[in-house]
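Note that the chains take the letters A, B, C and D in the order they are written out, and that residue 1 is the start of every chain.
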Amino acid sequence: MTLLDWLIALPALGALVVPMMALPPENQRLIRYFGIAISLVELGIAIGMAVAFKLHTSSYQFVTKVHWIGAFGIDWYLGADGISLVLVLLTAVLFTIAMFAMKGVKDYRAYVGWMLLLEAACMGSFTALDLFLFFVFFELTLVPSYFLISDFGLGASGRAAIKFFVYTFAGSAFLLVGIVSLVFIHDHQTGHLTFSLPALMHTRLPKDTAILLFLAFAAAFAVKTPIFPFHTWSPDTYRSAPIPAVVILAGVMAKLGAYGLIRFNLELFPATSRELAWLMMTLGVAGILYGAIVAAGERDLGRMVAYSSLSHMGFIVLGIFAFSAEALSGSTLQMVNHGIYTAAIFLLLGMIYERRGTLDMKKLGGLQKKAPMFAAVFILVVMGMIGLPGLNGFVGEFLILIGTFITHRWWAVVAVLGVVLGAIYLLWAYQRVFHGELKDDRGFRDLAPREALLLLPLVALIVFLGVYPMPLLARINPTTSAIVHHVATAPALGSSTVSSIVTGGTK
Amino acid sequence: MFGTLVSQLPIRLPAISYQAIAPEMILFGAALVVLALSATIGRREHPELYRGIGLLAALGEGAWSANLLRLVDKHGASLAIAGAIANDGFSAVVGIIVAAALVLTMLIGPGFVRSVAGQGPEFVTLLLISATGAIVMAQADDLIVIFLGLEILSIALYIMVGFRLRDGLSREAAFKYFILGGFSSAVFLYGVALVYGATGSTNLLKIGSFLSTHVLINNGVLLFGLALILVGFGFKISAVPFHVWSPDVYQGAPTSVTGYMAAMAKIAAFAALLRVLTVAFHLQLQYWRPIIIALALLSLVFGAVFALRQREIKRMLAYSSINHAGFILLGVLAATSGGIRDSLFYLGAYSVMVIGTFGLISMIQVDTGKTEGSLSLTDVRGLGQRRPAMAILLAILVLAQAGAPFTSGFIAKFSVITAVIAVNEYWIAVVAMIAAAIAVAFYLRLVLALFARDENKVGAGDALYPVPVRGGSDAGFLQPSRASQVPVWIGIWLSVAATVFFGVFPSLLLNLVGKGKIFF
Amino acid sequence: MVVLGLVIGFPLLGFLVLLAFGKRMGDPGAGWFGTIAVASSFVAAIATWIVLLTKHGSNRTQVLHLFRWFQAGGLRVDVSFRADPLSIVMILFVTGVSAVIHLYSIGYMKRDARFHQFFIYLNLFVFSMLVLVTANNLPLTFLGWEGVGACSYWLISFWFERPTAASAGKKAFIINRIGDMGFLLGTFLVFFNLHSVSYSKVLPEAHQLSSGTAEAIALLFFLAAAGKSAQLPLFTWLLDAMEGPTPVSALIHAATMVTAGVYLMARLSPILALAHAASMTIAIIGVITAFVAAMAATSQTDIKKIVAFSTVSQLGYMMLGIGTGAYIAAIFLMVTHAFYKALIFLSSGSVIHSLDSEQSIRRMGALAKLMPITAWTMIIAWLSIAGVPPFSGFFSKGSVLEDAFGRNELLWVVGVVTALLTAYYMGRLVFVVFYGNARWQEVTHGHDPHESPRIMTIPLIVLAVAAATAGLLNLPYSGLRFLHNWLAPVFGSALVTYHLSSSEKILLPATDAVVALLGIFLAWRLWRRHSERKALEPAVLFKGWYIDTFYDRTFARGGTALAKFSDRVVDPTIVDGAVGGIAWLFRWVGGLGKRVQSGLVRSYLLIMVAGIVVLLAYVLLSAAR
Amino acid sequence: MTIPGSWYLVVAALLFGLGTFGVLTRRNVIVMFMSVELMLNAVNLTFVTYARMLNDVGGQIAVFFVLVVAAAEVVVGLGIIVAIFRHRATVTVDDISSLKG
């Protein structure tokens, strides 16, 4: 059992054990401590992995390969390279924060159980190297998040939960068909039925099939990221789910989409990625601008942050498909940064909601007078989101833009506009909520020590990653430059018809 | 011993290898024993005894089929009873699946039906007889024998559907099922007659060899016959457009009967369909594959879409069963050995799930006191608080039907999709998965209703942090109120355990099903 | 070069300590601590200057490398600071003026509810400004650049209870951000062509750039400078920035931050040298901004608005200097301007302070006798900004005008006219505020305004001395050109020196002096007794040529409309509608299904027979084929 | 002169069509049931005709199976019909439509 197996097995076992703990109501807190304990151990493992990670190699580390379903050539095949490692770290941190943020729940068993299962699924998705295993974990993330959104949500949570599940499930329908088709084409060509990513990378695909497969993969990840036209589920879901769930949904699961694009679209279809780069980058930039504009028009803080994360994910997608080492490293780093400050902003929104029962900007105003500490943390996180240099948002965004400028100049020029739009809607929202006169006579309690403790790690990370991101970058760079090289050197695909696959060319 | 006795008789009997038809004999024998016993010791006294015998018979049949499978592995397949019965891996595996379905139903069914329709042995007998019919259909290598098996199964089901005597809905369902069943059997039979006319034999093997050696000038009659046979099968597996009976019958019939019927009818019909298409009409592939594709796509899409607006759970599950039929048809249309294996896997996984699901629904009906016919979503609302255990188990089974990962449902859907893609039918796979996505919507609405907090009692407070959830009744799994609950819970736990186990370690079932090759 | 680290370290240390213990230090304590931090940074700056003085020639540029900030692909960005003559000049006058203003604000911000927070932002501002001027690569400069922008945002909206202050802060940040787009794109273009962003590599190799790219880079960075130094397209935020406390206006919106744009242009002089067309446009925009702002300043009634417009105008002059290649003249003007403009702001601040924060000049008057020190320091600043000979303004503005004359006569003409206007509107301010009849009775409810406390007047005196004597730094045509030979090695070939004929050398300064005195005389004649003259204060000028209202109507209101439209209409109906539409279609077909299930057995049979017929028809067709 | 087999087939097909039409149109349950039996007998006729044409005994054996099954169906069918219409005056099939939607 290597580190990665423990990484996934631990929370999964935790999720199985928790429902059995039928404790009387008063020491329900024990279950929450149990959840916190497991997520802390996860964090320990993740940090251990990061420390033990060999720096100057882009190959997969901590690899484990065990037979699972012989009939289809499926193995329990896990491995982590720079990108997966960084995202595993992010997942571990955010889950620990989410576990701490859980309160006010009478029956912790279901809550902690689903959270741990979700953690196992996310860890699995980031480290799976077997396409079937990835698909299983990718789908598995839906079940707990559905329950987390619907059972403990508020208002129209049921409907939003179903919309989230069906939308993502439909997206992954294409992914499944794509995976299986690729596997069978590979089987025809090499007679070796396997789902392992390194093996499938050598399949020679004719042009039109490769495009279809690329789009099938991209469809699922586009819904998950979300990319521009497929984002309508995210405002409803982020608004109606409880805060700890949203921290995970926006912070970790949004990265699944982007990670999938890098790991599968770029590595499996390098030539097609080059051809369709213009499409994905246009969608990315459209997402940046559209997300920002709609966010400016939004009256509800929760929905505004959902659209702003659509805009930020637009940057990440842009970076992925710019095919330059700077841009790809920037995107990966930005994934971590986005996770951190989105988690922080949603925790803050949760605290506002708890005090005032609404997130409508019209009903909130002049809060800074009553809660200066709260306002200070809020503005710091907002400045991080805007990409103020010295905070974590800037480094990733700068790398993405400079990388995109080198390869696709005009997309970068338009994307830079996003930098300004970001400032507009975020500062406008901050002003409507914190500046001006207090609209509501009910006081606004300042940060309680418990809440401050919850936000401290995230705020510290926002500042630390802004000033010194090198530890992460040192681990990301080798992998990203290898992927960029892989995409650049892939031979262009001939447009021979599908039949040629069936006859199976010589390997 | 029996063989030698018979051989003295003047009549010349065909060489009967009792080994091959042992499964039918075990079940049918048990049915007779139960009837005889009830006649001698009075109908009402020992209902448990009948269930015991039924259970024993089911287990015996399963063990025998497994033994048959081992023999086939060792000595290869063989024909029995003058070519009427095929004793190959396929029939053995279907035998095992029938046994599994029968065991679960024996555990779950009788408890509820007894509270509704008296203590008599009738229910157990009918179960055993219908199972015999199913096995006959699966093993049959002759169209007429398939018809025979079909009728044994169907007539037993007609009666079981109408079992709740004092309830109008049940009688109406039985009638509808009977009339439409009778009609479709007639159509099926006419098809058999036409095929007989075109090829000169009703034996699948002879038809296959005839068609491979002769080229028919106008194969109109043959194709008409084949089409009508497909209609007969289409009705039985409730594929769209021949599905119209199933929503009403699923709702009207007693819940555990519905579960059994959904499973057994599909097992038998698909087994026979697979054998007919593979053995007899493997050369007419380009004619019947488009029909099967049409049936599959219609069932997939309309099965999912029509369920969206359903408020009554059993009707909703009827449409979901149509959707599942569509998925299994994918395996059939692949017409490869992989396709057969995947269809069998789907059949196995599906029947275990569906019997468990309907078992749980009958438990809920008893719990909510709505024993007559319909059980709507509002009745189920907030079950998560009152009966957390029941709600969680039903949620697992429903999610398995939706295809959630780490359940056999997921592996089933995945394997059938691989079967279709292996024959380059990419677009069908995409439509199938989209239909699955639509289906997820109404599965989730059911799960949501289970766990939603009762609006009236707790009031869905507008707090982002969940309003303190009212504690459910004690988390005790077993309501020890009535002894008859114990086997039901065992049955349900077995089906849930099997669903999750084969989801995580599917290779066991995949290898078993892999042996189910149609030899002839 | 550890002493350079100290220069930057002290304000950072001050910021951190105040952040942690500011509240406990209380009213004056936090202020004094902030001032000491900045003052010690000033001392360290002088020490760095002395260290550099001992060296000469090319090795006057020392680089202090701390650690690698971030690195990916070909891009390597370090946290490294550069001490060369240009940055030394900047850090000297930035820390000097900041120390003085810190001292002043202790008095000005007395008894303010959030006294210590004010000094937290001030120290952070000084730190960011120092990082900006000493950074050794473009991204680190950008860190300083955005840092000062953020601090100005916090300081402008310091009294956030007032909605106007809050939106002014937001407006400033956003308009700066628009400028920063130019900065980013410029950086990318530099990296694209020279494969590095560090000055020590980019500046020496700047000559490899093709002229087209150089033009583009220059214009992009000018866009950033225009945003920060409030030039024509993006200057409106400076007017609203007056909502902030007066020391803020003095420090940030007069002396330091606004000069960042000029510094950046000076730093990138090697690139500008290649971009002739771009330099010309910079010069033209500069002089036009100067003229337009000066005209607008003539008819403002709010004392701080007048000074703000005057700042925009003086910055226009500096950009004129940059555009014509006279970098040293521009920096000389920047330094002297920092002194007298800060002085003007602080003295108007002490006037406002004593008149219980009344800012309109219509309710001031005859304050000279009551507030002698403020009056006299204001008069010194007025004389130097107007360009009256012995004072520093005469020399610095004079050298800029001389170089402008060398480049293109028309620029000089507009420059001189603006100089006249400058003298006039400052004169108007002084006469209306300090002389004429007193109009502050109802403002101060009867008791006479008294002179500001010593803690506020000492900085005034210090700045007055500096404003008066700063001219010595760079006396033209004489041996005493310290600034010139101090900065010359930094600019090297980029510096353009214009050779005027001997007659012009005398004529030009003379015209400057005459124009200055004429402006003063005009102001004296018109505003000696009047406080309001409708003819001379037209609405178009009062409203700042309606530029701000135009921006507000098109961008602000238009933008909100677009945002509201896309949020309320586009997203829900079109994007979500598409998804909702498909879901609705499925539900509608589902509804159809319900109707099919009519419950009638015979209709079921009909459906089945229909199915059979279709099947048979298909089989018939396929059999025929 | 012997009537060619195809004639019988046509008659059988007509009978089958008549049966189907009868099931569709007639409202009386018993008559519908009768029509189903008619369809079965049409099939029997087809079987016998083919058996004669192919002179193979298989067809005739099949007829016996069909007869047996038809008998079983009659028993069960009438049982159900009696159960439903015991409390109703008429025997029209359209009354029983409470299971719908």
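Here is the rule we use: contacts are C-beta pairs under 8 Å (C-beta built on N, C-alpha and C of every residue); 3 or more make two chains touch, one makes a residue touch a chain.
Since this is a predicted model, take the numbers as computed values, not measurements.
Summarising the inter-chain layout, the chain whose CA centre lies farthest from the centre of subunit D is C.
Each of B-C and A-C has its own count of C-beta contacts, and the greater count is at A-C.
Between the Cα centres of subunit A and subunit D there is a gap of 64 Å.
For the pair subunit B and subunit C, the distance between mean C-alpha positions equals 78 Å. Centroid to centroid, with C-alpha atoms defining each point, subunit A and subunit B lie 42 Å apart. Annotation for subunit C: residues touching 2 or more other chains are 594, 597, 599, 601, 605.
Among all residues of subunit A, none touch two or more other chains. Shown for subunit D are the residues in touch with two or more other chains, namely 20, 23, 93, 96, 98-101.
Checking each pair of chains for touch leaves A-B, A-C, B-C, B-D, C-D. Looking at the complex, you find that subunit B touches subunit A at residues 341, 384, 392, 399, 403-406, 410-411, 414-415, 417-418, 421-422, 424, 426, 429-430, 433-434, 436-438, 440-441, 444-445, 447-448, 451-452, 460-466, 468-469, 471, 475, 506-507, 510-511, 514. On subunit B, the positions that touch subunit D within their shared complex are 144, 147-148, 151, 155, 158-159, 162, 165, 168-169, 171-176, 178-179, 182-183, 185-187, 189-190, 192-194, 196-197, 200-202, 247-248, 251-252, 312, 315, 373. Residues of subunit C that touch subunit B in their complex: 583, 586-587, 589-591, 593-594, 596-597, 599, 601, 604-605, 607-608, 610-612, 614-616, 618-620, 622-623.
Touching subunit C in their complex are the following residues of subunit B: 175-176, 179-180, 183-184, 187, 218-220, 223-224, 226-228, 230-231, 234-235, 241-242, 244-245, 247-248, 286-287, 290-291, 302, 304-310, 319, 438, 441. Listing the residues of subunit C that touch subunit A in their complex gives 67-75, 114, 117, 139, 142-143, 145-147, 150, 153-154, 157, 160-161, 163, 166-167, 170, 173-174, 177-178, 180-181, 184-185, 187-189, 191-192, 559-560, 562-568, 570-571, 575-576, 578-579.
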